[in-house]
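Chain naming follows the written order as A, B, C and D, and within any one chain the residues start at number 1.
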Amino acid sequence: MAISFRGVFPILPTPFLPDESIDVTSCGAMVRRMVEFGVDGVTILGVLGEANRLTDGERFQVIEACVEAAAGQIPVVVGASHAGTKASCELAKDAIVRGADAVMVTPHAEAVPSDDKVLGHICTIADATDAPIVLQDHPGSTGVHMPLDLVLSLVAQIPTIACIKQEALPSPPRVTALKAALDRPAPILTGLGALYGAFELAAGADGFMTGFAFPEVLAAMVNADGEGAFNIHHEYLPLIVFENQPGVAVRKEIFRRRGLIAHNTVRAPGVGLSKTAAEQLEHLLTQTFATADIQQRITPGTANR
Amino acid sequence: MAISFRGVFPILPTPFLPDESIDVTSCGAMVRRMVEFGVDGVTILGVLGEANRLTDGERFQVIEACVEAAAGQIPVVVGASHAGTKASCELAKDAIVRGADAVMVTPHAEAVPSDDKVLGHICTIADATDAPIVLQDHPGSTGVHMPLDLVLSLVAQIPTIACIKQEALPSPPRVTALKAALDRPAPILTGLGALYGAFELAAGADGFMTGFAFPEVLAAMVNADGEGAFNIHHEYLPLIVFENQPGVAVRKEIFRRRGLIAHNTVRAPGVGLSKTAAEQLEHLLTQTFATADIQQRITPGTANR
Amino acid sequence: MAISFRGVFPILPTPFLPDESIDVTSCGAMVRRMVEFGVDGVTILGVLGEANRLTDGERFQVIEACVEAAAGQIPVVVGASHAGTKASCELAKDAIVRGADAVMVTPHAEAVPSDDKVLGHICTIADATDAPIVLQDHPGSTGVHMPLDLVLSLVAQIPTIACIKQEALPSPPRVTALKAALDRPAPILTGLGALYGAFELAAGADGFMTGFAFPEVLAAMVNADGEGAFNIHHEYLPLIVFENQPGVAVRKEIFRRRGLIAHNTVRAPGVGLSKTAAEQLEHLLTQTFATADIQQRITPGTANR
Amino acid sequence: MAISFRGVFPILPTPFLPDESIDVTSCGAMVRRMVEFGVDGVTILGVLGEANRLTDGERFQVIEACVEAAAGQIPVVVGASHAGTKASCELAKDAIVRGADAVMVTPHAEAVPSDDKVLGHICTIADATDAPIVLQDHPGSTGVHMPLDLVLSLVAQIPTIACIKQEALPSPPRVTALKAALDRPAPILTGLGALYGAFELAAGADGFMTGFAFPEVLAAMVNADGEGAFNIHHEYLPLIVFENQPGVAVRKEIFRRRGLIAHNTVRAPGVGLSKTAAEQLEHLLTQTFATADIQQRITPGTANR
């Protein structure tokens, strides 16, 4: 499946049963609903997916359930980052064998960091598979700050880098700089829960790969003109900001309320939804959507403001 | 001057001339304009004030210019955090001698962190001065995570802690928990550029001590009811989010555009305003305020949406 | 197998073939030689074992090869730390099923750290298995600083904590404080490459669980009186210090030269032996051991000084 | 005073009275004794000097007392690092005005780190003064990892960089690499308490700029041949390792016992000498020096082993 990496590729949470085991049923249901919502693909086993809290065997369960549910209708991108280069290669190859359409990788923080180590790490992973690669640049979770030149060099050297997931801050000027300097038209998707979404699109981003629980809103932004994108972003910004609070509990609760997953369980040592967050979320969803059924696809512009 | 620590206490940037020396004239002008905007006090020499990039002599210039301009009409809170406990005591005492009405202090990250060190640090500073103390809890800049019990213990032991500047994330549940557990009614102000402002107020916060460049907007939120606060927050949220990008350049530029300071100069190694940010800010201010004169006090609810 | 956790439990590297795949043959050979060297047990899949660079499947290979080679003659302790509590439980249970005699666990750094999270993490792991647990306190690799009271509380609450691997700095006073405060006689082993070994023993430590490539030297220290331990430590201190340089390449090279493993391969993005380190090590081994055959068990006191 | 930056430049602690105020008398006494010990210069207000816990006024006191005591007999190098570039310039210029012979600077960790920021920071400081500059590369305290190319570029661009204080780990291969690549013969001094001293000298280092409390021992190493340096290092290695424990309390206590300073007071939130460390140090000094008077200049090779 050739993937354009333009549009919206939601980062999906990993659904757990109340005992924290993988909720395979919800994996499938969630992906099928994403197809209905019209997303351009899905990304699993990223930071939001609590990938770093899973055993390899659990990864395989999640990948297989999601790939099966996608059923070739939308591409499935699988996070394959690992502290070890060879292990990252193995996770990437395994994901492809299990039916993933692309893999997402990040550099890993080292005691003695260096650009050369990052270059070697990513190049080795790219050599291990023919699959398209999403290069994630998210210092907030990796602790690795890649200079612009390093990203450009990686894209120049590795033809299979099919997308840059640009989450280094401040993101809009970084998008502008990448667009101006890239020697081939690699698509740039942004993340960070779409907090700066309108500004990133205005700077030239090609869409979103992020965990905001209403991907149809982001799709409407991508499809609108600049003013339109700004207005849609503005409309949902309280919700985007609320989701931006650290932890994955709020997003999992919204996924649960949308009927996408059965439980909002977060894996320890992550923390679940606080009472304050639960109450404020309830109120906020009412303020944002009034009587609209959030289990259905939302149409931006019809929200109750 | 008895200070209520309710309402809005803007964190002010430190104005520089183009050669990065202190712009004393702008210090005074900025504070006088804040009085006109109706703020409840000002806070200088915080993180936004690039306090960590100043010599002690420059601190003194800034304090004296701001205190003189406040002219007793509003209290001036001065950041007095330092890696050394004794030095923090000296900065605090010096600020009071120069006319400050209160000091703001944070714990400092240590190679071997411990709650006892934080307790000792803050208690020693409190012993050094009779002045009211704002205890700032901002792990994002300090790297120090204070357990709730430690904050409660500090407030219980130190009667001169007059305010908690609550910026640990997620902030709304933390405000709720503090309000429920404090054994005396210490006011809680929040910061973080008011990103979560409506949610923090709903959780019981008493106001804001933060750098958002339109304090009159925050004051309107504090004075509104819950729904009203949410609506005002929503109205200005694109600007609040835009300002939330790392670095102080965007805020200094807004301060400049509002006529509060003469230059948007940031001290190295901090970075100035990028071209992308400058263009996006120009556009955003127009979207937010239409033809309103932002050099004057803004009245929320009249913005062009 | 009841384990006393007194004496010397070397932390073993994970041997790789030149292509970075697991060298199962060397796993077995290395463990059998450790038995010959008279160690009290071995610990695998710690930081030195590059555990964080392995897939789960590779872990299993290493565990099985080492357990088989130990053949019940010495206990095998297996590192089972993981960012996720449930995954750490699974790794621990799996290790026991594959024949491990005990597991070693650490807390994991969280975005919002708290003692309660650490307590919950370790207690949950302890609930998942009846096996003896080595509680590793190594802020240098985990980034987690456990207050003394937290360690005491864990030991008091979890009867299966059979050993504290004490690597918080400065270590000798910490050993003293633990010994004085523990409510049951939990053995304390120290690590850090034995850099402070004589001082830790003098403070009351029960032995070593560390990666120094000459465990028979550490055993001689444990069996000597204070003055004797100091003298042995002093004799080998240049080598201990040299090994203390960051990275695992030097230790793997010594293991290779001792005939314990076939290759000194380090997994990327870790770095291999530098030319300078190789030359200095060659020289240092000659200075330390003269013509003694380091492939055989060394007898401290006979070195050429 | 032209400075060769070869030999031994001890990093001196800042002496405090028991109330933590500057002990000006000890500043002078300590420097005069260093002259007697035959050092090639002294460095004040580094990390060991608790420089980050002093007010600017206290810095001035320390500088003036030390410069006066040096009386032109040995050069005085003054740490002038600061989070702000302009402030660092001011501290550097001020130090020179007060009689310092050179300044030592480091890059400062930034939220968004980049080599360009480091380059700009150091170049700006160099432009501000004609004085010789010691470029300190100590990631352990700064958190800044400078690629080798960046150090080379700084030395090439800034003719006043008179010395590299090389403390990036592992240090011996780094010394080798610098020596091979530098386009002018800039001297390289090493630090880290001389933990790797013999190996750094063997790799080509020109001497030491570090806090080990017996600089005459380091001088003897510099003046010996390779085997001799190794033997002297070995002789004192237990003491070097013991001093290497985190914190400055042990070093200050040795300075006190040597009669160099009057008190071992450490500034809060730093911690003083633990009971365990005090007892172990007492024992260790006896083991190392037997009945020799450590208040006098020590002659290596005569220690009681």
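We adopt the following convention: a residue touches a chain if its C-beta (ideal position, glycine included) is under 8 Å from a C-beta of that chain, and two chains touch if they have at least 3 such contacts.
These figures come from a predicted structure and were not determined experimentally.
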Let me spell it out: compute each chain's centre from its C-alpha atoms, then which one is farthest from chain B's centre?
C
Sort out for me whether A-B or B-C is joined by the greater number of C-beta contact pairs.
A-B
So, what's the distance in Å between the C-alpha centres of chain C and chain B?
47
Chain centres from averaged Cα atoms put chain A and chain C apart, in whole Å, by 38
Rounded to a whole Å, what is the gap between the Cα centroids of chain A and chain B?
33
What are the residue numbers in chain A that touch two or more other chains?
112, 169, 246-247
Interfacial residue positions of chain B with respect to chain D in the complex:
20-21, 50, 52-58, 82-87, 90-91, 108, 110-112, 117-118, 120-121, 124, 246-247, 267-271
Across the complex, what residues on chain B touch chain C?
112-115, 139, 145, 147, 168-169
The answer for chain D against chain C in the complex is residues 169-173, 176, 195-196, 198-199, 202-203, 230, 233-234, 237-238, 241-242, 244-247, 274-277, 280, 283, 287, 305
